[in-house]
Structures are given as structure tokens and as C-alpha cells.
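Take this structure first; my questions come after.
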Amino acid sequence: MSTDFYYGIEVVLNGLMAGVMYSLVALGFVLIFKASGVFNYAQGVMALFAAQTLVGLQTGQVPFSHLIDAVFGLDVHHFGWTLPTLVAIALSLCMMVLFAILVEKLVLKHLVNQEPIILFMATIGLAYFMEGFGQLMWGSEIKRLDIGIPQGGNLWIENATAGLGGEGFHGFYIDTLDLYATAIAILLVTALVLLSRYTRIGRALRAVADDHQAALSVGISLRTIWVIVWAIAGFVALVAGAMWGAKSGVQFSLSLIALKALPVLMLGGFTSIPGAVVGGLIIGVGEKLFEFLIGAPFLGGATENWFAYMLALVFLVFRPQGLFGERIIERV
Amino acid sequence: MPPHANRQRMPHGHPLMREAMSMADPAAAAGAPPVPSVPVMELGHITLRFGGVTAIKDISFDILEGEVRAIIGPNGAGKSSMLNVISGFYHPQEGEIRYRGKVRPAMKPYQIARLGVARTFQNIALFKGMSTLDNIMTGRLTHMKSGLFAQAIWKGAAEREEIEQRERAERIIDFLEIQAIRKAPVGSLSYGMQKRVELGRALVSEPSLLLLDEPMAGMNVEEKEDMSRFILDVNDEFGTTIALIEHDMGVVMDISDRVVVMDYGAKIGDGTPDQVRNDQAVIDAYLGVAHE
Amino acid sequence: MTTTTTVPPELGTFPRVVQRNATTFGERPAYREKAFGIWQGWTWIQAHEQVRALAIGLIDLGVEPADKIAVIGRNRPAFYWTMIAAQYVGAIPVPVYQDSSADEVAYVMEHCGARFAVVDDQEQVDKLLDVSARTPILERIVYVDPRGLRKYDHALLHDFAAVQEKGRTLRAELDPELDRRAALAAGGDAAVILYTSGTTGRPKGVVLTHDNVLATAKNTCAFDSLSEHESILAYLPMAWVGDFVFSMAQATWAGFCVNCPENAGTMHKDLQEIGATYFFAPPRFFEGLLTSIRIRMEDASAFKRWLFDGAIERARAVGPALLEGRDVSLPARLLHRLDHALILGPLLNATGLSAVRVGYTAGEAIGPEIFDFYRSLGINLKQLYGQTEACVFVTQQPDGEVHPDTVGVPCPGVEIRIDDSGEVLYRSPGAFREYYKNPEATADTKDAQGWVSTGDAGFFDSSSGHLRIIDRAKDVGRLANGHLFAPKFTENKLKFYPDILETVVFGRDRTFCTAFINIDLTAVGNWAERNNIAYASYQELAAHPKVYGSIQSHIEAVNRSVAEDERLFDCQVHRFLVLHKELDADDGEITRTGKVRRRTVEQKYATLIEAMHDGSDQVYIETEITYEDGRKGAIRATLEIRDARVEPRADAAAREPAADAARAPAHA
Amino acid sequence: MFYREVGEFKTSYRSDGQTFPIALDRHAYYALLGVAFLVVPFLLNDYWVKAIVLPFLIYSIAALGLNILTGYCGQVSLGSGGFMAVGAYSCYKFMTGFDVYLPAEAGEWVRYALPPINVFFSVLLGGVMTALVGILFGLPSLRIKGFYLAVATLAAQFFLVWLFNKWEWAFNYSASGQITAPERAVFGIDVTGPSTSAWATYLFCLVFAVVLALVARNLTRGHLGRSWMAIRDMDIAAEIIGVNPLKAKLTAFGISSFYIGISGALLFAVYLGAAEVGEVFGIQKSFLVLFMVIIGGLGSVLGSFLGAAFMVLLPVALKNLLVGQLGWATDIAAHLDFVIVGALIIVFLILEPHGLAQLWRTIKQKLRLWPFPH
């Protein structure tokens, strides 16, 4: 067994974990799309905003400090206290719920039965708004987010696997954070699946996806459902934001992981939760492998930037409805 | 004897009318359609399935030059599927379609349009973003040739072509008496008017076979009368061969020369309106529906 | 007759005038028709060519001099050409109302003995085929629109274009023949036969000669200085004398352009596009337009309405003055400019009348405020008085001398006389030659000296010297005291009030005048809502004292204006009642066209009329009514009768009626 | 209010079909052109040109392009940034002249150094190259629809950006990875490089903007435009009446990319002078152009200009107000800019989904009906 082979496996493992994170974000999309037919481009920015809020609350930042300073010529930045992580998370969650309610009240309500593309564009506007808003509120500088999960290579695994390879193989390098993240993500995914399968709300959600009248017959108003799904999406965003934030710092680029979730959706289909999961894994593994085997050696690297999209594109050309989407029969 | 002669068009009891009736050679009347004998389209043993469902079971019939051919049947009898087969939108698993004598291979819809087959849709399929005129002009697309650069420059070839096509479109607008709504966005029009515009869009392409998908669906009595009149006039004026599907038997019987009756995907009757009207199988089928 | 009012022989007939136009106005537009989305146009040269081609085609079809050619269709250049072509070949065009029934058509065709007909489309052809079953005379039908006619037997049907084509091919051999015929024609020959839709009995065929029509055209064009630069919208029925005179006679004489709308539905749009400079419309057109303006402004924002009302208010003050060139104070004029830029201009633009230089209305009385409204906008709207027998023009209002209640001064070359009974007679170059095949009718209307009786009663307004028409002569009578009784005169004044729908004034051979009033349910209904007056039925609303009150005030106002008029002084309404039901065509009380059947009403409601004159102040009535579905029913009511204040007569005038009565003992 | 249409009648389809059938509009339009060409050049100073006029003109072209694709043909694209990059880089290569290798005898390759091409043509060629790339990335549109397509175009965006990042040949192996526009002149007047004069750059871009706008109008009024709109409004019906979807969509992609490419070329060569693909032509650019089209109005040539003007002026205005007047930090202004733009997008979509152009149409309609409300 060659060393490269094991490195390959390592890559796959990392890919899988990255993939789980992708699916996590993708889930946010799927939930909202299923329930309200809205393609929520803002999902990524929601993650960023959630993470920013989390850090802000944790470190006791004064909201809008820059603005306040600018307007009143003061120099406030921190309250001087910090919050325990769990409390901060709880509060951030409230923020996201509040946000969901506002979105429904101020935006969606006024865009009922508009063409999907219009709604899509609206969410792009929403993304812009939140990006600016988040930075006004918490500042635009990159922040460390520490939610108490250890970082760095996991020695135990490394040692345990060191023996496998031949010369020069020191075992799999796997970041502990990623392990936690993966675990949490898997938990969350199963939770959501269960929710949508076995609870009244879940049934309502799926009913809505099929048709709105049916949903009403379940006895939950459409608008309530929208609030709920956006709240859930907010929660998902919070988790995703926390994970990515903890991993690579809370910064603008965080909002771009949303873009990465798009090809995942195209593979998995916009309406399928398992699709999102599988798609995420495929993308995660695929891009890592491609980079490892072709990108880095021959193309000068950084192919993760586009590989996912190309993959999805090529894939769709042959299967327009995605992995799990049902076949489209055109009618006249 | 043209099939249209049985239609009441002129005042009764007038000597001239009787003459007109007994005209042995309709060609005497300028531009009258040729005596229908040449089939425009022949469908042989057509069978169409969606997955497991069989929409059409082994149906054969033909459409003759210059006639008005109706396909009727209760809802869900497979009429629409039939029309989609004729229009080439669906490709049947079995059977062959002969168009003007030659076997028609499976083609893309737009290629079939270029063969001179035009159609209207049951639930109106107008281009909502455009005016009545533009919608009708789209019917001329297959006839427009000017190249990209000609159009970019516009003055000259492209403009000339546009004007030629506009003239044709205007004739149709005049024919359908929709001058008043020429520049109105089609979205703002009444249902009946939209149907008329759609007919115009199909008509302006000068089709040799015109397919009408439930042209009277959801119309009130006057609208139905108007539409019937237009269908007949189209058939007379342009000698257009027309195939239409409709579940309202009454209207169809008055305007069509021959009728195919379908039920549960199978053909249960075929012939002149009178023959069909007295066909037991047909009566049963319709009574059956009546009970539902 | 003075030479100014006659036409020179070289222009003595229509064909000659058209020839003149082809040479003089050659490239100027002669006819336009909105077709296929744009205005198709023909210059005078082209028009002349079209006419000649058609004329030769007609000769080829076998048209002989003095043949009659029926013309049936909406306003289209083809039909104007047909009429000229007919005259070219010495035949006489007979335009027929396109909406008339097969029977009516049959009668006309039979009466004039038309061998040929040029018609619009399948509808007319069917009608004629129907007719030709009864009248063997009809030989050839030429249709303009071939749609739906392909399968017809073409033994006697001809396509208009085809006939013209044939004509073009035969030009070489038949041109001389055509010119020969054109040369043969004389000014005294009949140019057209127009059938008057007679209110009583069968229609009469009025024969107008080239001299009649062209002389009238010449004079009236001079009167309003109409030139080849005018343009007119031809939208009124071609069989009506007005369209013939405006769109045929005046247009060819002056050489201006005749524009034919796309169809009835697009008339307004087409009017706006073309921007007619010379325009005629019946009063109801202007009423309708004004109403629609009012209604549309209802929904406008308060600010806009404020602007609008202000502008109109100011315009009413200065508009007519400016129109008649009287001087207006500078600030007022400037303000009016502003109004024009902001409101009046756009308004005119929307109505499509902004280009109108000369506008006429006639036919019935027009409400003063309606009339003034348009004049205040700056439209030079005038009234004329005329009839078929006179080629329309008897009197017309000169620029600057316009009054809502008169019909103007005699047109150039027209002499007018009022006979003892008050009937208006005239003698003019336009006076018709005869009623076709109806000498006794001709004799009744036109005497040896050429005086034509109009059947209308009127008099010359002492102040303005303009003619005033008060009523149909047969309805005009005398009161018991011998004073003039002209119900229509008062009725019209009353009907100008929006809440009065219909009214009938009685008084012939009685001591004073009384009136029935029909309230306008919509108008009064709104009024009632605004003043929260509850009512359950028409009858209840009609009987409501408040309603009576307002009606009474109207009547008294009218009485005042009636009293201003010497002769009609006693047409003031002394007593009135508001009817408990609308006068209804189903009950035969009014004609289908909405004219009151005076006699019927008098008989049916004799009791009411008696009650009004015997001074009782209420009356019980039980009337039979016919529902739409034909069922009969009865309604009972006790109606209040009220007295209206009337103006006392000044002594000076008191003596006058006696003399008046003496002059007409027959009525005493 | 200002319209006086009485007496304006059309006697030919040519006059009926013209772009401005109403005389008043027509005259206004000519007046505008006159001012733009004959007056404005004399009033301009560097600040105005740099801050407002050039970006306005250049983005207008991009907006026109995207409008053709999204507004007229209904195919949403998020790849504009990438396509602009193609325009910019190929223009750069044509400007600077590049080497081509042609096979000689015996499998030998001979290197030919192409001479630099005149900047005007370089820009055009930039457009052409982009058109080709656009068509390539348009191919999937035949199978992929709606969002799926929108997302698919992201592939173009990210791939192209990555490509121009890695592919040294594209930026002539410059150490910084930047491309820098050399001095180039048209009729002896500099339009690129450091020593350009405001009016020259302005006119250079204006010519492109005006001509391309006219072409856009012509293409969209003709049968090509109708086949696009047919596809947009109901693709199945369109195909059944004889529109070849392949042809319609690919022409839309090609022409749209041509425009976007040209605007990219101008942005780089005339406006910025130097560019690094990542920061100039990133995904943000795609959204910027998309916003211009939405706010301006889908399916409207005028809208493209209005949208561009709006999106260019807003940040400038904010900057002047907040930074210039109130002396705030620029980053706060930038963030506010985001907030406001985002909010505006939403407001627009709610109140007037058809954008400024529709607003303009409504106003015009009101003016024509004045004093009547309807």
C-alpha cells in the first residue's frame, strides 16, 4: 500500500467532513425552498450574521459601536463583560428567530405569489442588507470565535493510524474541531429529518411543499410556517456559522460558503433533505480529491473555488432534475 | 361537392343560394379549397404510453386536405394526448404518422412548426409580456430570415422584412376584428379575446394544418358563436385544413366535416357528424359521462 | 339669385370638380382610411384615377346614364369614389343607411329602381340577395370586402377591386366614352337621391342636382373660408345628407381631405390621430363627451379637480370672449394662457378636438352650458339649421355671432320667410329639385316660386337678428287667449336640467300651460343619497316633496327665461305634476328613438291633464303598464299637483297678443 | 400634461414602428443626444468623469448586456463578473499584442508575435472573445432552467476568475498578477494610460454606449428579440410556434456576453487602467450588474441606463454625504451603502417589480392622460 493511497484516504475523510458542513448549510436552503418556494440566497450571510452576533454577545461588544461613535463622537466598543458561550448561543438564537419574524413581516408577506425569480432576487437584496447591517452592528474586522471546542490535529487518531502507512506516513491528520463539527452536523441533520417526518409542523412543512391549500388544511397558516422555517434556517445558519467561524475566524468570506452550498443543492435537488446530505458529501469529497489528484499537481491549485460548480453543471446537463428530484414531464 | 355546402351560410329559400349549393365545381368560386381527398396527415395504429399508463390505444385515422376534422370525447379520453401526438410534441411508442404522404420521423416541435403545422392551446399560451401585435408577429418567426447584422443595423433589410411581416399580421388582425386591441398587452385582454389572439398567432404562420385545442373551452355563448364563425371563415378564406379537439359536442357537430370520437384512449367512432350522432357506442360513451 | 351663389359651368358637376382637383391640388391628400393599423392615403390624382377606373368598370358592367346605383356601407373612400364614378357615367348614386333592415332597403331599391348596388360586405350582400328575390330590377352587386363571399354564386356578384382592374384594362377603348358622358352631364342633372328616414310614412327620395349641392358647397365654404387645408373625419352615415354635403360636396369643392375611421369602435382614437379641423357632430355627441369628461374627472385627485374646476371656471369667463376677438384684461389673458398650458390644452388634446377650426352642431337643441363649455375651451363650435331638402344649409352662425339659443343668419344665397302660422320657409340655390316619383309631396313642400316649407316654426330674434326655431310647426298652436303655444320650446329648456329626464307641456287651446315631469332616476337618486333621503321605489321618490321642491324651482327658473321672450311669454308653466312612472316605449308613450308621442300621452293621461287645469291640487290615477316580458300590470297613485310661479306680463306687451291672434284667426 | 398628440397620425408601418412614435419623445431624445455629444464634453472635469460619468456609461453597457439575456430572454446569469474579466483580459492581450504559434514543416512550431491592435478594435475583439465564451457557457441553458441555470452560471464566474488568476500568459507573466493598460490612442488622442483627458475617455465610452444601445434596441424589436421574449414568456409555446430554443438562447448568451465583454474591456482599459481579476471581477460585480438590471427594469433598454445611473450615483452620494459632509469613516459609509442598496432592492421588488423603467412608463402614461387620472 503506497503512502499516497493513505493520503488519499485522509483527503477523502477531510472531504467527507467538509461535505457534512456543506450539507448543513444546504439544509437551510432546502427547508426554506420546500416550505415557501423561496430560494434563499441570504442563507450564507445569515450564517455570517449569526456568527458575528455570537461573538459580539460572547465578548460583550456594544452593538453599532462604530456608528454611535461616528454620530455622537464617543468612543464606546465593549461593555466590559463577557457571556458564557451557551447563553450567548441562546441569545443569538433568539436574534435569528426575531430576524425570521421580521423577514416574514417586512419582505415575504409583500411578495406573495410573485414569480420565484423575483423572490430569489429579493433574497439577494436581503443578503446585501444583512451583510451591511451585520458589519454596522458588530464591525467588519475578522474575529476569533471560541466555543470551547479544542482545535488542531487529533493526536489520538494520528497515532492510532500511524502504523498503517509505510515510510513517511505519520497517520491521518484530522482536526478535532472538524470531528465535533461533523458530529454536531450529523445530529442536526437527523434531528431535522425526524422533525419533518414525525411532527405536526414537519408534516405541515411537507404539505406546504406539495401545495399551499393542503397546508392550510393541516391547520397552520402559511405565514406561521414561513416564520418557522426561516427560524429553523436561522438556527442552522447559527450552527454552521459557529462551526466555520470557530474553524477559520468570523469574516466576510464566511458568507461565501453559502455559494458553495448551491452546487450541493443542484446535485441533491432543491427539495430533498437526503439529497442535500448526499450532495454535500459528494461535493466535499469530490473537490478535495480533485484538488489532491489534479488541481494541485497540474493546475496550480485552488481548484476548490470552482470545481463544485463545474461538477454540478456537468451533472445537471445530464440529469436536470438533480439526484433525487422527480423527473420533469413537460405539459402543454 | 364541398363538405361546407351543408353549412347554412346564406339566407334560405333564395334562388341564388340553391344555385350556390348545387355548384358542381366549387373552383368556380374564387379561391375555394380543393375538393378534399388528399390526406394531409394519416395516423396509423398510434399507441402512446406515459410510464405504465396508456393514453392512446392503437388509433388510426386521417385528416384530409381542406376539411375541418374534429376529435371529440369525454374528459380524459386522451384527446389532448392525441393532439400532442399530431403536433409532434409527444412521440408515440407505436404506430406511424404520415404527413403529406411521407412518414414523419420524430422531430423537435419547432421543426414540425416549420412543416406548416400550427396550433392553439387549451389553457391559453400567449406571451404575456408582449402586445397583441407582437404576439401575432411571433407567428411569422418561421418566415423571417434577416440575419443578425441586418437586424442590428435595422435600416434596410431587417426593417423591410419587419414591414412585410407586419402587413401580413395586420391582415389577420383585420380578419379577426381585433384592431382595437392591436397594441394592448395581452395580459389585459378578456379570455375570449386572448383566445382570438392565439388563433391569430397560429393563423398568421399560414399553416397547412391548424390544430385547435378546445377552442371553445370556457367561453360564453356569443364567444362560442364568434369562434365558430372564425373557424369556418378561416377554413373558407384560406382553405386551411383544421383539426380540433373539443368535448362540447354541440358546437363541433355544426362546424366539422368529419368527427373522430375517443373514449378511454380508444377510437369508438369516426364519420360525418350525422353518422357519429347516431352511433350507439358514441351515445353510450356520452351518456356514461352524463351520469358522472 | 346673385352670381356669387352659383357655380361656373366648367365646375358644374362633381366629375369636373374632381378633375379640377386632380390638376390643381394634385399631390395633396384627398382621402385617407385607417386600415390595417395605419392611415392609407390617396392624393387627388390617385383618387381621380381610382374614380375613372371604377367608372369605366361600371360602364363595362352596363351602367347607363340615369341608372340608379345604390351605395350601402360604412364611410369608406371606395364609396365616395363610387358616388363620383356613378356621376361620371351619368348615373345617380343612391346612398342607403347600412343598418336599415332588408325591408327598408327593399323599399328604397324598388322605389328608385336601382339596377346596380355597390356594397360593403357579406352582411349587405345577404340583405340585397334577400331583396333581389322580391325586386327583379337589381342586376349587379359590387362588394368591397370579399370576406365570406367566396362560395356565393358570382353570376351577379362582382369584386370592387376586380371591377376597377377591368376598368383599367379597358381604359384605351372606353376613356372616350367616359369623357363623352362626363361632358354630357349638366348642372341641372340629379347628383344624388337621398332618402329621408321619414318619421311619418315611407321615406321620400330627395333629388339634389349638381347645381344644388355645388352651389351650397361653394357658398358655405366661402362662409367659413374652408380651404384645401382642412381635414374632416367622415363618420356619420353616408346616406345622411350631412355626410354627403360635408364629405362629398364641400370636400371636393374646397379640395380638402376626407378621413375614414377604422371602425365605429375606434372613432374617438381616430379623431384624435387625424386632428380634424372641420367637424360636425349632433348635440348628443357633445353631451356624451362632456359627461365622460366629468365622470373621468370624478376619480381625479382633489388637487387636480381643483385645478380643473378653476381653469374651466375662468375659461367660461374669458374663453368665448377670446374666441370672438373681444378684448380681455391682460392678467385674465395670461391666466388663461396658463390654464391652457396646464389643463385646457391637455383636455382638448384628449378629446381630439384641439385642431378644430370650425365646428358645427345641429339637429336638435343643445344645452346652453354644454355649448358654452366647448366654446370656452376655445373650440369654435357653432350651430346651423338645415334639412335634406336644402342640402343642409339654411341658416348658420357666423364667427363671433354665436348664441346657444339661435341657429344663426341665412346662409349666403338663402332667402327666408316666416309665414303667418310662424312656419319657416326658405328659397335657395340648394333647394332640392323634387321628391323622386312623388310630385304631390313635392308640391306640398315646394311652391311655384321655389319657396320650401321647413315644417318648423320659428322667428327672427329681435335683438340678434338670428333665426330661432321653437318647435315643429304642427306641434305649435295657440292658447285659448290666442297666444303662441310651442311646447318643445319650454320642454327643451326644462330638459337641460339633469334631474329632468322627460317632460310634456300641454296648453293648446287652453287658458294656461301645464307640464308632466319625468325625473331622471339616476340623477335624482344620487341627489337623494347625498341628502340622505330614503325611498323605496321610483314612485315614492317621484312623489317626494323635496323632489317636487327642486323641480318647482327649475320650472320657475325656466319660466323666467321663457318670459323674456315676447311671443312665447305664455308658454310659461303654471301648474305641473311629477309622473309616477317613466314614459315608456313599451307602453307606446315614446318612440323607440325616444321622441314623446304627444297624442298618445294626451289621451292616456287625460284625467291628469284635466285635473291640472281644473285647479284641483291632487289627482288619483290607475295606469296599466307593460313589463319587459310583455306581461301587463297596473299601478295606482295619487299625484300632487303644484303651482309654479309665473312672470307677470308687462302692460306694454299686453296688447300685442290680440294683434297676434287677429293675424291668425284660424287658431282663435 | 406636455403631450399634444392630436394630428399625429401614421401613414406607414415604418413611422408606426419607430422607437419614439410620439413626436415629443423623439425630439427630447435627439436633444439629449445633441447635449451628450456636443455640450457635455466641454463641461467635464476629471472628478466627474472618474466618479460618475465613466462608470455610468460602462456599467450601462454591461446592464444592457445582462438585460438582453435576463430581461429579454429570461435566462438569469450570475456570471457577468467572469465575462467582464474575459473582455478585459482579451482586450489586454490584443492591446499588448501576443504570440501565436503556428505549425511549420516537420512538426516545427513557429512563433509569430502579433502587433498590438488599435484599442478600439481591441475592445471590440474583447467583446467577440467574450461572446464565444458566453456561448460556451450558454450551452447548458438548453437543459438547465431557472435557478439551476442561475447557479450553473456561477461555475463560469468562479472558473474564469480562477483561470485568469492562475494563467500567467493571460496577464503577460506580470509579477503582481495584475494587468495594466498601456497608453493607447484613437486618432492620435490618448484614451487609455495615465495621460488621458477627461473628454476623450468620455467620448470614447459614449460612442460605445450609444451605438450598443441602438443595436440593442434594434435586436430586441426584430424577430430575434421576439423569439427571445417568446422563450422568456413561455418556452414550450415558443418552441411549438417554431422558435429554435438552441438558436434563441445561444444568440442571447452570445450577444449579451459581447456587451458585457466590451464593458469589461472598457472598465479595465479606460476606467481603471489596471486590474486584478479577483477584486475587480469577483462575484460582487455579477450582483452589481444584476441589481442594475432589476432596479432599472427587466426587458428595457432605457432601464439599463437608469439602473446603472442609480447604482453608480447612490454610493457616490452616500460617500459625499457621510464622509464628505459628516466626516464619518469610509467603511461605515460603505456598510450603510450595502444596507441601503439591499433595502432598496427589496423595496423595488415589492413596489415596482419592473423597475425604474416601468416607473417612467407610468409617469409618461399619466402625463399623456393628464388631467384625467385614467
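In this document, chain identifiers A, B, C and D correspond to the written order of the chains, with residue numbering beginning at 1 in each.
We take it that a contact is a pair of C-beta atoms (placed from the backbone, for glycine too) under 8 Å apart; a residue touches a chain by one contact, two chains touch by 3 or more.
Nothing here was measured: the structure is a model prediction, and the numbers come from that model.
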(request) Trace the shortest chain of touching neighbours from subunit C to subunit D and give its length in steps. (result) 1
(request) Go through B-D and B-C and name the pair with more C-beta contacts between its chains. (result) B-D
(message) Farthest chain from subunit B, going by mean C-alpha coordinates, please.
(response) A
(request) Averaged over CA atoms, how far is the centre of subunit A from the centre of subunit C? Could you give it in whole Å? (result) 79
(message) As a quick test, compute the distance in whole Å between the mean CA positions of subunit A and subunit B.
(response) 53
(message) Can you compute the centre-to-centre distance for subunit B and subunit D, using the mean CA position of each chain? Integer Å is fine.
(response) 44
(message) Nearest whole angstrom, what separates the Cα centre of subunit B from the Cα centre of subunit C?
(response) 47
(message) Give me the residue numbers in subunit B that touch at least two other chains, ranges are fine.
(response) 89, 121, 125, 166-167
(message) If I count partner chains per residue in subunit C, which residues reach a count of at least 2?
(response) 37
(message) Residues touching two or more other chains, restricted to subunit D: which are they?
(response) 13, 236-237, 240
(message) Quick check: in the complex, which residue numbers of subunit B touch subunit D?
(response) 87, 89, 108-110, 113-114, 118-119, 121, 125-130, 134, 137-142, 144, 146, 148, 151-154, 158-159, 161-163, 165-167, 201-202, 205
(message) Give the list of subunit A residues in touch with subunit D in this complex.
(response) 39, 66-67, 70, 106-107, 110-111, 114, 116-118, 120-122, 124-133, 135-136, 140, 256, 259, 262-263, 265-266, 270, 299-303, 305-306, 309-310, 312-313, 316-318, 320, 330, 332
(message) Considering only the defined contacts, which subunit D positions touch subunit B in the complex?
(response) 13-14, 17, 215, 218-219, 221-224, 226-227, 229-230, 232-234, 236-245, 251, 299
(request) Could you pull out which subunit C residues touch subunit B in their complex? (result) 35-37, 126, 129-130, 132-133, 147-148, 150-156, 262-263, 265-266
(message) Under the stated contact criterion, what part of subunit D meets subunit C in this complex?
(response) 1, 3-13, 16, 369-374
